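What follows is a pair of complexes built around chain A, which joins chain B in one and chain C in the other.
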Partner chain A sequence: MVTAGIDIGHESVNVVVLHDDGILGHATLVISGEVGAAARLAFETTLGRLGVARASIQRIFATGVGRENVTLADGHRTQMLSHARGAHWWFPGARTVVDVGAEGNRVMRCDARGSLTDFALNDKCAAGSGVFLETVAGMLDIPIADMGALSLRGSSDVVLTSTCAVFAESEIVAEIHRGTPREDILRGVNDSIVSRIAATSRRVGIEPDLVLTGGVARNAGIVQALREQLEMDVAVPEHPEITGALGAALLAREPAGAA
Partner chain B sequence: MLVCGIDVGARTAKAVLMVDGEIAGHSVIRSGPGSAVAALKAALETTTLRREDIEFTVATGYGRVVVPFAQRNVTEIACHAKGNHYFFPRVRTILDMGGQDCKAIRCDEAGKVATFLMNDKCAAGTGRSLEVMASLLQVRLEDLGRLALEASGKPEKISNTCVVFAKSEVLALARQGVPTREILAGLCEGVAERVKGLLRVVGVEEDFVISGGISKNVGVVRRIEEKLGVMSHICFEPQIVGALGAALFARGILERTGPNGR
Partner chain C sequence: MTAEAIIERCRDLVTQPLGAVAEQWKTRHPGGKVVAVYPVWAPAEVIHAAGMLPLSLLGGGTSVELTHADARFQSFVCSIAKSTLELGFQGLVKGVDGFVYSNICDVARNLSSIYQRNFQDVFVEYLHLPQNSTSPSVAVYCASELRRLAAGFEQALGLGVTPMALSKSIDVYNALRARLRAFYAFRIAEPQKLSTVDLYVVLRAATLVPPEEAIPSLDTLLAELPQRSARPRDRLRVVIEGAFCEQPPIGLLEVLEEAGCYVVEDDLLLGWRWITGDVAGEGDPYDRLGAAYVNQAVPSSTRHEGREHRSVGLIEKVRRANAQAVIFMPAKFCEPALFDYVLMRQGLERAGIPHMLVEFEEKMWTFERTRNEIETFVESMMFD
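Moving on to the complex of A and B:
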């Protein structure tokens, strides 16, 4: 059976095409313009790249913030269901899944089958979100991809006392003016973001194995800070940003109506 | 009797000089290193008073511990209650809207704090959110309130509370061609809504006063008044109320205990 999952985020759309033996292919595109059109473009691009005909895909599920606008999909599932299922596919021992996206973080608990049992989320506040990391990258003029490695070299001298990302920005400006090394600032930022993620995690309770999903999982500094604050090993999938789309594709395998 | 109150806030530092219970001079300057001394100097320059004649100084605000020449520190909550009570003795509900926080205070007939609630954890509803949005929309902060009042249609709804997320929302609205005034009206509405939540907890009474920098923003003030159904009192310089409260505490201490403050 061949299925597809489309995950519409705030900034990018991810597509996964799945067959019985595993992932056939996947793609990530930055969203520009209307969500439905962006989803269609990403989907067609992926199919074109794989040389797969639209007719050979038996079911398409959408997930993410814009999932209801994806008219080409046969159905849709919440991010919580998709991320739990996707993370479980990569790590069958996963019982807690932490997803850090551009506009917030969410923590899911799942059972041995990868089905969602409970979740907590914070999507009201930018502290603990990917957007805050992007802002800091801009302030320090560092490519996002380099942030993690740099922060691992930093000391823990910088402690951001503000919870609010807006107030934290002023603290960062003060550190820059003081001549504090960028590595130390990045480490302080990671600790601050992870403390918000840890707060969400504690609300739902944490049980190993813990999997970190979403693009922010590519930041090794965040992964390290999460390990330290939760005192637990953190598993990161090979392609953390496609976890939601993968989960949607997995859910699309199940009989219609089952959720 | 010359006393001094210094309020070192997150965005501005203020000084008030009082002679025998009357305001003799005051100042408001941008806060930064050494701003307590600079605010005192600026206030003295508006008078013929001399610094060495100041008998007692009380500091308040976030930066109150970095005012080396102050003999005492008093919390900004107590100082705002005291300062507002000086201008409006019948006032029982106070809203102080500063650069980085917002406080709703209920006080008694003596200007003593009965209860208060403060938001200093989140930029939403603080002066900082308006600063961010003013610079985003390239509007001068002092023009923001007036422009918001000029909006003709319904205020544009800003659905995000978080300032960071609201920034993207505001940019998207601006790109869609929504007039700046209507966006500003929506932002003022958002601030008023946040503040209403704080005030509801402490309870609002008829004699209601607003102090702090945002009380100079008519767009926000009108919307708060509409939401609460009460008119607000605002003194001639709402940014100095905390420093004034500090000066009043200085005077009280001096009267009770003499120049050593013991």
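Moving on to the complex of A and C:
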């Protein structure tokens, strides 16, 4: 059976095409304009790259923030169910899944079958989100891709608030004015974001194995900070940003998955 | 009148300021007095027996901006207390002659005093309802509080309550509560034909008109509802618990249903359904009403119930309504609801009943995060 999952994020859309032997292909596109059109473009681009005809996809499920607007999908599921399924597919031992997306973080608990048993969302504005990291990258004039490696070289001298992204930005400006090294500021930023994630995680309880999904999982500094604060190993999928789309494609395979 | 027309009329009524509702009634009843009662329970029967109109006092909802009350309450106080005070400052309860508060929480207790201090031209009474359920003298004490309230009405508003009038009012409110129970039973049986939003506006409207006017409309509606055509859908049957004082915005109730739930039981406007059957017994009506408050009451977070664990009543409600899950829906900063949440959660987990927590404020206007959480909860039960 060939299925597809489309994950609409605040900033990007991810598509996964799945067949019985695994992932056939995937793509990530930055969203511009209306969500339904962006999803269609991403989907068609993915099929074009793979050389797969639309007719060969038996079922398409959408997930993410604009999932109801993806008219080409046969059904939709929430991000949390999709991320739990996707993470469990990557790591069957996963019992806690942390997804850090552009606009927030969410923590899911799942059982041995990958079924969702509990969940929590962050409730403090943009603190603990990918957008905050992007803002910091702009403030420090650092490419996002370099942030993780740089932060690993920083000291833990900088302590930033974890409850409000706006206040944290003010504190970062103060650190810049003081001449604090960028590495140290980045380390402080990561610690701040992760303490927010850890707080959300503790609301549902944390049980190993813990999997980190979402684009922010590519930031090695965040992964390291999460390991330290939760005192637990953190598994990261090969393509963490497509976990939601993968989960949606997996859910589209399930018999109970009516639209 | 069709069911849709009755519900539309109710929807219109519940959006009107309380003062306007009072004034409209007074136009039809020259010289009449109106008394508004703060949640959870107050003896509407006593107010009615004095010839006055009892109204539910439920804060400002989504429409009132706080421009005075924030300066008089701490930031950690619930919204209904602030907006109820704001109604007074903005003149939105002008036409209401009396206010009755009771000891449901510290905030309500102090709200009563603040009202007395700020609005000295209206009658404000504070009822000390019994918290002890097990003492043999508790019903007697409750009756004495009701007598004190009636005496206060006579002294301040010049309208007395005779035992005969109170007995008649008890009969009228027994009849009203019987209709409300019928609506709830109908929704348990056929939730696809009566949405929670519709039931809520009907129930709330019934707290804004004399019971003698409400009952015929409710009877018409009860007769009409079974004729509605609606196909049952594959949805999660849930009980809402915790919204017994501050009321959630209608938008939140809509989101619950849109996200895949049938709400089959709730504790919205709980005080108006406080007594679970007809007020029992014969004899002195104050004694009967006092005993009913103690012995025929729904479980509530605003009254200590020493006779059984707090979760027992909730679990019974879940079973009776054939519900699959509970959505705890306390207002932000609602201490009674949040204290009991722990006890109820423990009980539900022992009974294997899934649950989730959704906090709200009456002025909440964006529901996307909540919709996402509820949809996830529904999916986790229906697709796993």
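By definition in this document, the second predicted complex is superposed on the first by the 251 of 259 C-alpha atoms of A that agree within 3 Å, B and C clash if a C-alpha of one lies under 4 Å from a C-alpha of the other, contacts with A are read in each partner's own complex, and residues count from 1 in each chain.
The working rule: a residue touches a chain if its C-beta (ideal position, glycine included) is under 8 Å from a C-beta of that chain, and two chains touch if they have at least 3 such contacts.
Values in this document were obtained by computation on a predicted structure and should not be read as measured data.
Chemist: For the overlay on chain A, clash or fit between chain B and chain C?
Modeler: Overlaying the two complexes on chain A (C-alpha atoms) leaves chain C and chain B clashing.
Chemist: Classify the contacts of A:2 with the two partner chains as first (chain B alone), second (chain C alone), both, or neither.
Modeler: Neither partner.
Chemist: Check the residue A:251 against both partner chains and state whether it touches chain B (first), chain C (second), both, or neither.
Modeler: A:251 sits against chain C, while chain B stays out of touch.
Chemist: Have a look at where A:103 lands relative to chain B and chain C in the superposition and call it first, second, both or neither.
Modeler: Touch partner of A:103: chain B, not chain C.
Chemist: Mind working out whether A:165 is in touch with chain B, chain C, both or neither, as first, second, both or neither?
Modeler: The first partner, chain B, only.
Chemist: So, A:135: does it touch chain B (first), chain C (second), both, or neither?
Modeler: Touch status of A:135: first partner only.
Chemist: Taking the superposition as given, does A:79 touch the first partner, chain B, the second, chain C, both, or neither?
Modeler: In the superposed model, A:79 contacts chain C only, not chain B.
Chemist: Taking the complex as given, what residues does chain A use to touch chain C?
Modeler: Residues 77-81, 113, 115-117, 119, 121, 251, 254, 256-258.
Chemist: Given the complex with chain A, which residues does chain B contribute to the contact?
Modeler: Residues of chain B touching chain A: 100, 121-123, 128-129, 132, 161-165.
Chemist: Per the contact definition, I'd like the list of chain A residues that touch chain B in the complex.
Modeler: It is residues 103, 124-126, 129, 131-132, 135, 162-167 of chain A that touch chain B.
Chemist: Looking at the complex, which residues from chain C come into contact with chain A?
Modeler: For this pair, the touching residues of chain C are 234, 369, 372-373, 375-376, 379-380, 382-384.
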